[in-house]
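These are the structures, in structure tokens.
Each of the two complexes below includes subunit A, the first together with subunit B, the second together with subunit C.
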Partner chain A sequence: MASETQTSTTWFGSTEEVGRLRGRVFKWTCLGATVLTLFLMLVFLLYVANDALRPLSADPSWLATMGVTVVLPVVLLAGYYYRRDRSAGEVAYTALGLPIFVALVSGGLWLLFRHIVSPQEWFVLAASILVAGGLVTAHSRVRHDAAVERLVVTVVVPLLAVVGVPTVLPSLRDLLSLSPVLPNALFSLVIAFTLPIAAVVGWRVRAVRDADRDGAIAAGITVAGGLAGVVVGPVFGVHPTSWLVFASPIVGALVLYVEHVVRNDEGVSGLAFPIVVAAGIFVGLTAAQTLGFAGPDTWLDMQFLTSSTSTTPADAGIYPALVGSVLIMIVIVLSAFPVGIGAAVYLEEYARSQGRLGTVIELIQVNISNLAGVPSIVYGVLGLAIFINLIGMGRGTAVVAGFTVGLLILPIVIISTQEAIRAVPDSRRQASYAMGATKWQTVRNVVLPESLAGIFTGTILALGRAIGETAPLLMIGVSASVRVSPDSFLSRTGAMPRQILSWSTQITTEFRYGVLAAGVVTLLVVLLTMNAAAIVLRNRTQRTQ
Partner chain B sequence: MNPTETPTDRTMKRVETDGGVPMEDDQESTADAAKADGGTEKLVDVSPSHSVPDDDDDVRTRSTETAITTRDLNVYYGDEQALDGVSMDIYEHDVTALIGPSGCGKSTFLRTINRMNDMIDVCRVEGDVEFGGKNVYDDDVDPVALRRKIGMVFQAPNPFPKSIRDNVAYGLKIQGYDGDVDARVEKALKSAALWDEVKDQLDSSGLDLSGGQQQRLCIARAIAPDPEVVLMDEPTSALDPVAASKIEDLIDDLAEEYTVIIVTHNMQQAARISDRTAVFLTGGRLVEYDDTTKIFEDPEEQRVEDYITGKFG
Partner chain C sequence: MNGEPALTRAAADRDVKEKMVGVLLFACAALTIFVTASILFTLAYDTITFFGFEETTVVDFLTGLEWEPRNGHYGVWPLVSSTLVVTVVSALVAIPIGTAAAVYLSEYASPKVRSVIKPSLEILAGIPTVVYGYLALVYLTPWLRDIGLPLGTFNLFSASIMVGILIVPMVSSLSEDAMSAVPDSLRQAGYGLGATKYEVSTGIVIPAAVSGIFSSYILALSRAIGETMIVVMAGGLRTSLFDPFDPFGSLAGSGRTMTASMVNAVTSDATGGSPEYYSMFAIGLSLFVITFLMNLASNRIAARYREEYQ
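Up next, the complex of A and B:
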């Protein structure tokens, strides 16, 4: 005790200034690195955005109007959320981001309905799937215990309904499409697109609120949102069918999200944010127009998004390349995702770790990690060699492009899915096995539901990587510049990154700066929205676990 | 409640579980059980048991049917032997406690019974485990079918991130049960003494419950498909004393319907709730296996006495 008073004069003093200096320098260096990275990113983004949007070409009074109606309220509201209600801030950005993300996905579907599967074809396809599903369910009710028979029926009936036996037996889909009375495009989509979405929304709301009425209301709002286009569409110059394709998923997603926020009663005021933003833009634009303020002369505008490339920069657009990219993405989602997720499930849940087979599995595992780092041009060569030269698929088609880029992201899909599966605690599997569940039941009921969000996150990020890939597209002969949108997965296609590359080699400066920048921004918007969605999804699931 | 069971069985059981248990403790559990079963008759046929002297072990006429018999059981993890020649008869409707120092193979023994060890690649089992007149390690025994007969509760509560209802119904679902699932869920939750606490929130997540409630949920999940044996590996070691005592009461009631095998490190717990106690010592040997009162009052082996009194372990 006595010695304590003696040493107490020194123990809290800082006698080790020199020793700490190193630590401090290290800390500031790290901070510097972080700031530098962010700064470079920001400069680049601002630079491209400036080139693409050219905000300074607008009337100063136009800028001032928009500043007052959009930027000011947004800043004020953000400040309020930041200081007063953080959870509302979170709701705010989700509520703004969600419709944007869904709109992007709907945009893809819209392109699909326009170029690949007509609304009527989709209607027929959906009807066949519905009939097949009904038959399978009915059969499993009746013949509950005949396991093998049920498996056969589950595989064969949908195949017969959708594909049939080529040249021998027409499928149900073929038969239906021969029918003389088919609903028109709008009604086809109402039945086969809006109603299923509304059903899912209503079913979900009904389940969480445990009230039939609430479910019906939610479904009703979704349908109404989709059908509103019949009345409101012409006012905005939007075709009712287009309105339907965009509005149904957006309204459905918003209904689900608003219900979720209101039910949890946390950060409800954040829901005002997207309304303020939308109203601000609307008011600002109307005011500027009535007062005659000229907006900026942007490269990235509706014209750019909806027309094909041209020899004059002002008329150039990215539409066919956009369609191509969407098709490629769909091919990737349908091919690389199932294969990658399947492989990951096998490696994590089924593969043995011991014995000779274990060694092989380990070898495969190491190779998958290596493949993730193989340069993309090599995958291009691989795609060219396998799909085009060996199998003989058409050069530069969406399937080949999708397969090749899909191959490229396959290792990433596998690895991220494995991580998501590994995050499921082993105790849950043990619990399931101890209950007498088979491997399949455990995977199906415990592992997959719990890792689904993680799998989505990983695959979305991988898809983001995929749509920006350019080198493999060069190898497999994707068109440099396309004027006509592809009308099937087997026709020649362009792709956004490829189109951007060819603009960069044009002689006219406007191409190399303006049009190119507009293309880059389009690509970045798609990419960043997808990544943001993945990150939001990840944060959300991390919090609930 | 098992309809085939006679009141006498229960009385018998009461008689011998009374060994050394404070009176009020027992009454509480009895009351709980009566409540759970929705009747009061049990109180009546159980209460006489308190007047029966409980020190007389020789009069036990407890079920002599064996539920599980192991013969010369050797279990290895790679080269390391975890169980060494364990032969043991586990009786129906008994609560059998397994005690012993850490690493002596108690969990291994449990996992050997329901073949959860199959999942460990390096694990190898020699010897017989007889259940329902069949060696469970015979080639024609499907471990999945076996585990549907033998429920298991783990040390740490491990409910699924599903609703309480779906947690309890899990076993029924995977077995393709197509009767009244809700009734079975209710019955299981009542048997697990959890019904009153959760009956209004069956659709909320099982993870939102407290640790003790989660463990009772896991018990409900294990007994919902109506197994014959319930294995419990230190079910209360992650819980506070109140939650633990609730589960102890519960185990007492469970033994009326199920054969319960429980691993515990808590001597008092073993003494309170079990009918027979098996003492494993290092090296995976079963050193002594007898009635609980005998083990705790007058063990044959000096090593067992040392272990129980805490002289080593």
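Up next, the complex of A and C:
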């Protein structure tokens, strides 16, 4: 063989020494490049946080108190989890993060109840939906085989109940709201908000533990947590209704999570972490107050979160813009998400790859990935041209903003949902078909429930992208600074990123390094909480698959 | 009894329902085509309105070197040159850093390091551009001035660097995907021939993944071209034509990109029917066409030049 004669002379290693140095330099350069961006952004964000919170403006003894009561126990506990019990560490950050994430969602609902739908209106709405649901269920029992009729009933009955026929037939909701006896705000929310949450929690616990009593206990704890505000609220100066809106979902979520951890019996000691953090903050603040230590003079305080913008930096706040952002997000959730998920289901489950329709499907698929790369400002122009100039909807309203940004994130929602659906193993579908299920039954009962976590992850990330978008809002005329919170989806609104932009044109130091930093931190806290929740959820589902 | 007909009717009924659901879902998917079509249509329609004004012609728009709506000059080149400056400088920042990060993550990083760095980069990619713009304006520009660079309050230099930082995660994650997709057998073959890790990375993995890497560059550049908030906040609005004989002078000063000009057209007091207002649609159309072609090219490159591995 030829190679035998060549071995001694032309083996690559013999003529040239293996350079270790070059390889090392390359490796460290690559690592340096990776860390550089992260490090730079970390420095930037630390500067922003420092400007917004100004921790060093506090009394040194205040810092020392908080250090002893909060930081020290947290560090010790984290060290313990890291050395001894990794799974407890995971439980620890989830148990701390979960209530924060749920509190964020409840905050959005609280703003909704305060400005858009009053508790009584919500009660009436929930009651009409309940009646409509009852009618639909009753119909499906009585006329079991009439599938088309059921589809029509499922669409028409809720519409009649909630919207009615304008000027011809009042909806059930209108009729109910005329009723002379309606429960007051607190009771409306207990019935139409806390009880449904408690029912879901109880039903879920009952299903996984297979015990009626446990389900009832879980539901009971949730209701009790919501109602505790009547007694405890006044002590902290919190209105019972506000307590209810925040406490019911938080307690409900915690009950579900604690039950999950206890049932799996893994890392139970991690549940102590949030208690230690909360108790530390409470003790620290009380101690500092009684001893008279002054806290930091932060820009990001309750005053900032609850007041509207102003020309004097000390009075400026982000509240109306916050309300606006919540409204825009609600519009997106109700419009872009169903369409995006529907499109993804079609492309993954229904679309055929052959024939003329196959070509269309391929075109749609290419088009979606291209739409994901269209600059956001172009969507702004589209929104301006279609929704405002063509259809004639109001400039800068929450609906227009939500639709415009919704179109922007639609491709992202579709692509991430497709990935989630694709991850469902084919054997599940085959099993469903083998039981005689139709395509839609398979999608509804097998594919969607299996891919739910993945869809959630993708949609939360997309929503995070949506709240930060600014350029489209500029094009459709969202107000630079609103002093009054919007009171409906059709009134002119502001938005957090838009408010940040208009503060950035102020040149005084207090605005640049104070109010603006506080606004940015508010936006980032909302966004990073959402993204972190999505990433944790994804890691968890990836592990189980 | 009439059980049989009832059963067949139920089956037929179910078929109709299945069809209706299918059509509904197809409508959702088809909406995306409608979105593209309406972007094209509305932009084209109002661009025609723009060129219908006396002071504007297509030739002037495409060849003019002055953008002064007050004096009736609508030459797009100052805007295009600023956009190109931002794109090139941000690419100079993002491409080396992003590629190196991708090589590290794909070839060198241990699973533990990856599990920290990848989500961090992802979170970085989730930070809104208005925040990046704020960082460039309020922190980066003063810092760069402190170290002695003669920058204006609004300047293209720090805006470009920020855009570069913004697109690093995009380059690194897409390139890393391409590199991770290179099958291990190729690497093993390299090691079997006595290659070092460095030689395997640069001589085998990068060439094998080059189509994916290039397509990530194109996508990132198209993102940089369409970036709006950073250049509006930190880059300013003064229109200036890039001066090739004084490149740093052009970078150190304010400059209005295409996107910034669109923002200016709606937020300034340009009245609704004026040519300046409609100029935004013409610029928007150019922007849409450029980025759409780039994205298409990126997809094509990724698909056509991909080495097929099993």
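Note that the second predicted complex is superposed on the first by the 518 of 545 C-alpha atoms of A that agree within 3 Å, B and C clash if a C-alpha of one lies under 4 Å from a C-alpha of the other, contacts with A are read in each partner's own complex, and residues count from 1 in each chain.
Throughout what follows, contacts are C-beta pairs under 8 Å (C-beta built on N, C-alpha and C of every residue); 3 or more make two chains touch, one makes a residue touch a chain.
These numbers were taken from a predicted model, which means no experiment stands behind them.
**Q** By the touch definition at the top of the document, which applies to A:Q430: first (subunit B), second (subunit C), both, or neither?
**A** In the superposition, A:Q430 contacts subunit B only.
**Q** According to the stated criteria, A:D265 is in contact with first (subunit B), second (subunit C), both, or neither; which is it?
**A** In the superposed model, A:D265 contacts neither subunit B nor subunit C.
**Q** Have a look at where A:T438 lands relative to subunit B and subunit C in the superposition and call it first, second, both or neither.
**A** Touch status of A:T438: both partners.
**Q** Examine A:S353 and indicate which partner it touches, taking first as subunit B and second as subunit C; both and neither are also allowed.
**A** So A:S353 only meets subunit B here.
**Q** Check whether A:R512 is in contact with subunit B, with subunit C, with both or with neither, and answer first, second, both or neither.
**A** second
**Q** Which of the two partners, first being subunit B and second being subunit C, lies in contact with A:D210: first, second, both, or neither?
**A** First partner only.
**Q** Counting only touches as set out at the top, which of subunit B and subunit C does A:I386 meet: first, second, both, neither?
**A** Once the two structures are laid over each other on A, A:I386 reaches subunit C alone.
**Q** As a test of reading the superposition: which chain, subunit B or subunit C, is in touch with more residues of subunit A?
**A** C
**Q** Where on subunit A do subunit B and subunit C both make contact?
**A** The overlap between the subunit B and subunit C interfaces on subunit A comprises residues 438.
**Q** In the complex formed with subunit A, which residues of subunit B make contact?
**A** 114, 116, 119, 121-122, 144-149, 151-152, 154, 156, 158-162, 170-171, 173-176, 178, 203, 218, 221-222, 225
**Q** Which bits of subunit A are touching subunit C when the two form their complex?
**A** The contact residues of subunit A facing subunit C are 11-13, 18-20, 22-23, 26-27, 29-34, 36-38, 40-41, 44, 47-48, 145-151, 338-340, 342-343, 345-347, 350-351, 361, 363-364, 366-371, 373-379, 381-382, 384-386, 390, 407, 410-411, 414, 438-440, 461, 464-465, 467-471, 474-475, 477, 497, 500-501, 504, 512-513, 516, 520, 523-524, 527-528, 531-532, 535.
**Q** So in the complex, the part of subunit A that touches subunit B is made up of which residues?
**A** By the definition above, subunit A touches subunit B via 144, 210, 352-355, 358, 425, 427-428, 430-438, 441, 445-446, 449-450, 544-545.
**Q** Within their complex, state which residues of subunit C touch subunit A.
**A** Touch list, subunit C to subunit A: 6-7, 9-10, 13-14, 16-18, 20-22, 24-26, 28-33, 35-36, 38-39, 42-43, 45-46, 96-97, 100-101, 103-105, 108-109, 117, 119-124, 126-131, 133-135, 137-140, 165, 168-169, 172, 193-194, 196-198, 201-202, 219, 222-223, 225-229, 232-233, 259, 262-263, 266-267, 280-281, 284, 287-288, 291-292, 294-296, 298-299.
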